[in-house]
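In the two complexes below, subunit A is the common chain; its partner is subunit B in one and subunit C in the other.
Up next is the complex of A and B:
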């Protein structure tokens, strides 16, 4: 019986999420977005999370390079490292890690802020003042993420590439020119564009899920904690699953 | 300056946990309870993230190996990539996002509602009761969840390669252990144990010292996820360097 209840609960929360997104979309296309708030959010999302994102991307690059080097060495293919970094890093790992970090940094912030506003009844106050809370809280966040996340993803791809070049050349002693030549065989500018497009999808998912979790927070500190918790996990899981579908569509052919 | 004093404070917290662990001021039952909770909470997210990633690896790997006509190498690539690197990192990211943030949320709300202070007033040691079991459970749970993640990832790439792309199942299974050594599995085990320790310490530290009402709990959860992922990915680089230094 408990399993049945859990399954029904999961489906009903999917339905509630659908209603939430529908209401939000209705508001988003009907009213002019709050531009100043959008820019503020874009600054917060873009500039303030850039250092964290770049650090993580750099360490992902270093590890990818070392693993690739030691995997190809037994076959005598050290030169393939560049191609490996291009394929695995630029196409898949960097965009998805950037999305996961955005979910961890920005998504949790959104969820906890909105959850705190919910439990202090500030959202009800907004409605009472005839300000649509979806318009005021969700629209600027979504627009800001769509604006900023492609740039963040491309920057973190470059951060990853710089780090892996440094490891390849200075730690492992490979030829830098060769590394770049093979890198260009593994990944092209088109892949960067795909990464940026993917990141827009991830950004929309992260924002909607985090705002939904915040809006439906339970009262008390515990409620805020668990809303924040489920925001980051749900958005990360959904992003990775959507990533597979996008990869299948783009590269699967 | 504040950063340095924070690091020192964290160090004192960590040594306090170590001292209580070494002098057996913790209950086995409580640890097992937190362990089962962590495993139960994290297992689905870990599988749901590593499995699609294994499928993506099969997809991209097949496209590359297709150029050289070496599709048979796919299974070795998948097993090396997933066992050595992807599953430990992704599983730990999810453990930080789910288990670590749950720890921080629970301890944070206990701190805000002054339950930790109440424990202390009753003459009990809040760190020994609430913190040490959580850290231990996280340290044990992370490698176990990594095993689940690895299995799911390899199963995912098998599924894509065999059922969607139509590769030969026998060749896939035969090639699976071609380049993977027992050392890789041990290394992944050690790595994830250390990641689990990092996640446990960071999450309990930030939760234990949460301040400022319900918003403080949200901030603690946010900081837990970001900081623990940052620290263990940096540690991952050092550990990987050290382990390849051991081999060669």
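Up next is the complex of A and C:
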């Protein structure tokens, strides 16, 4: 019985999310976006997330290099670490880690902010003042994420590669020229473009899910906490699943 | 101008309003009274189109809210102002930005000077001149309500709605807000609908009183007639809060009356 209720609950949530997304899309294509708010959001999402994102990307790069080195060394293939970093880091890890960080930092902010606005009747106040809350709250966040997340992803890829190169050359004593040659075999500019494209999809997922969770928050501090938690968990799970589908479509042939 | 005809609404299995019919006269003030959970705020949300009735008809300024499109709803809302229970101000904005918010969203947008002038005028009429640059988070409960009221009147609405204007305020601030509503009523001459459980405040500001109990209207009449009502809910509400002398005058109850 409980399983049945859970299944029905999941389907009704998907239905509500569909209605939410439809309402947003209707507003997005009918009205001119709020440009100033979009730029403010872009600053908040982009500039303020960059330091933490670069730090994490750099340390992902260092660990990838170290693990790759120790895995390939017994087979005498340590020269190929660059290729490993290109394949695993550039194609897969950097975009999904950037998305996870954005979900954790920006998605939680979005969900909790909108949830608090819901509780304090600020969203109702927007409607009563004849301002569409989807236009005012969701559109700038989605547009800002679409603008900023590809750039953040590419910067985090570069951050990861620089850290990876430093560990490979200065700590593990590999040849720098060779590292770069193998790296170029593992990942090309096209892979960077795929990474950027993936990040746009992840950004849309994170924003829509986080805003949806905020809009549908239950009252009270527990409601806000639960909305924030759902936002980050759902965004991360959906992004990982979508990442697999995109990778399969792009690289699976 | 505002009418509800046989309106019913429920949330799940909870019937909130049952077959409610009421007409709020143009240019006058109607206070809707009732206990917590009686369905007062639901009426207000129906009037601004935030909720839709399950059955019946809600009509405001000639717009039938049941069949209105989204565009018609937004057009109607531009003619309304509302003071929310907790003022619903945006904490990230200053007082001036909050008050100017409805004007900033208008298309075409009024020029900056006109917006600044109208903000100053609205703040002056709620007794907060010079508060433009204050942060909303620094304001007291009463000041927040005043800013909310300034924001509600800045678009020069035809109907002003108040959701529990006195809730969470001390008696003195409460009285000041009631006095402000009375002043607004005189100055603006528009239709007011006040949702409250404060009978004393309602008696000060309203021309008509409407008592809601268990989702039904049990009394709806001009003040003097309302005070004579024999309905037990109305009597219970009145007797706890006010005393009425032989001439129909209203006074606070004595300590003996309060202690029974």
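Just a few scattered comments:
Everything that follows uses one rule, which is that the second predicted complex is superposed on the first by the 253 of 253 C-alpha atoms of A that agree within 3 Å, B and C clash if a C-alpha of one lies under 4 Å from a C-alpha of the other, contacts with A are read in each partner's own complex, and residues count from 1 in each chain.
Criterion: a contact is a pair of C-beta atoms (placed from the backbone, for glycine too) under 8 Å apart; a residue touches a chain by one contact, two chains touch by 3 or more.
In this text the structure is predicted, and so the values were computed from the model without any measurement.
In this superposed model built on subunit A, subunit B and subunit C occupy separate space and fit side by side. Look at A:181: by the touch rule set out above, it reaches neither subunit B nor subunit C.
Of the two partner chains placed by the overlay, only subunit C lies in contact with A:131; subunit B stays clear of it. Put simply, the three-chain overlay gives an angle of 100° at subunit A, taking C-alpha centres for subunit B and subunit C and rounding to the nearest 10. Looking at the shared chain after the overlay, A:247 reaches subunit B, while subunit C stays out of its contact range. In the superposition on chain A, contact is made by A:121 with subunit C only, not with subunit B. Annotation: superposed on chain A, subunit B and subunit C show a minimal Cα-Cα gap of 11 Å. Common to the subunit B-facing and subunit C-facing surfaces of subunit A is no residue whatsoever.
In the complex of the two chains, the subunit C residues touching subunit A come out as 45, 48-50, 74-75, 77-78, 80, 82, 84-86, 88-90, 101-102, 105, 151.
Of all the residues in subunit B, the ones that touch subunit A in their complex are 45, 48-49, 52-53, 55-57, 59-60, 63-64, 77, 80-81, 84-85, 89, 93-94, 96-98, 101-102, 104-106, 108-109, 112-113, 179, 213-222, 225-226, 229-230, 233-234, 236-237, 240-241, 244, 247. Against subunit B, in their complex, subunit A makes its touches with residues 52, 55-56, 59-60, 62-64, 66-67, 70-71, 74, 83, 87-88, 91-92, 96, 100-101, 103-105, 108-109, 111-113, 115-116, 119, 171, 186, 220-226, 228-229, 232-233, 236-237, 240-241, 243-244, 247-248, 251-252.
The part of subunit A that touches subunit C in the complex is made up of residues 120-122, 124-125, 127-132.
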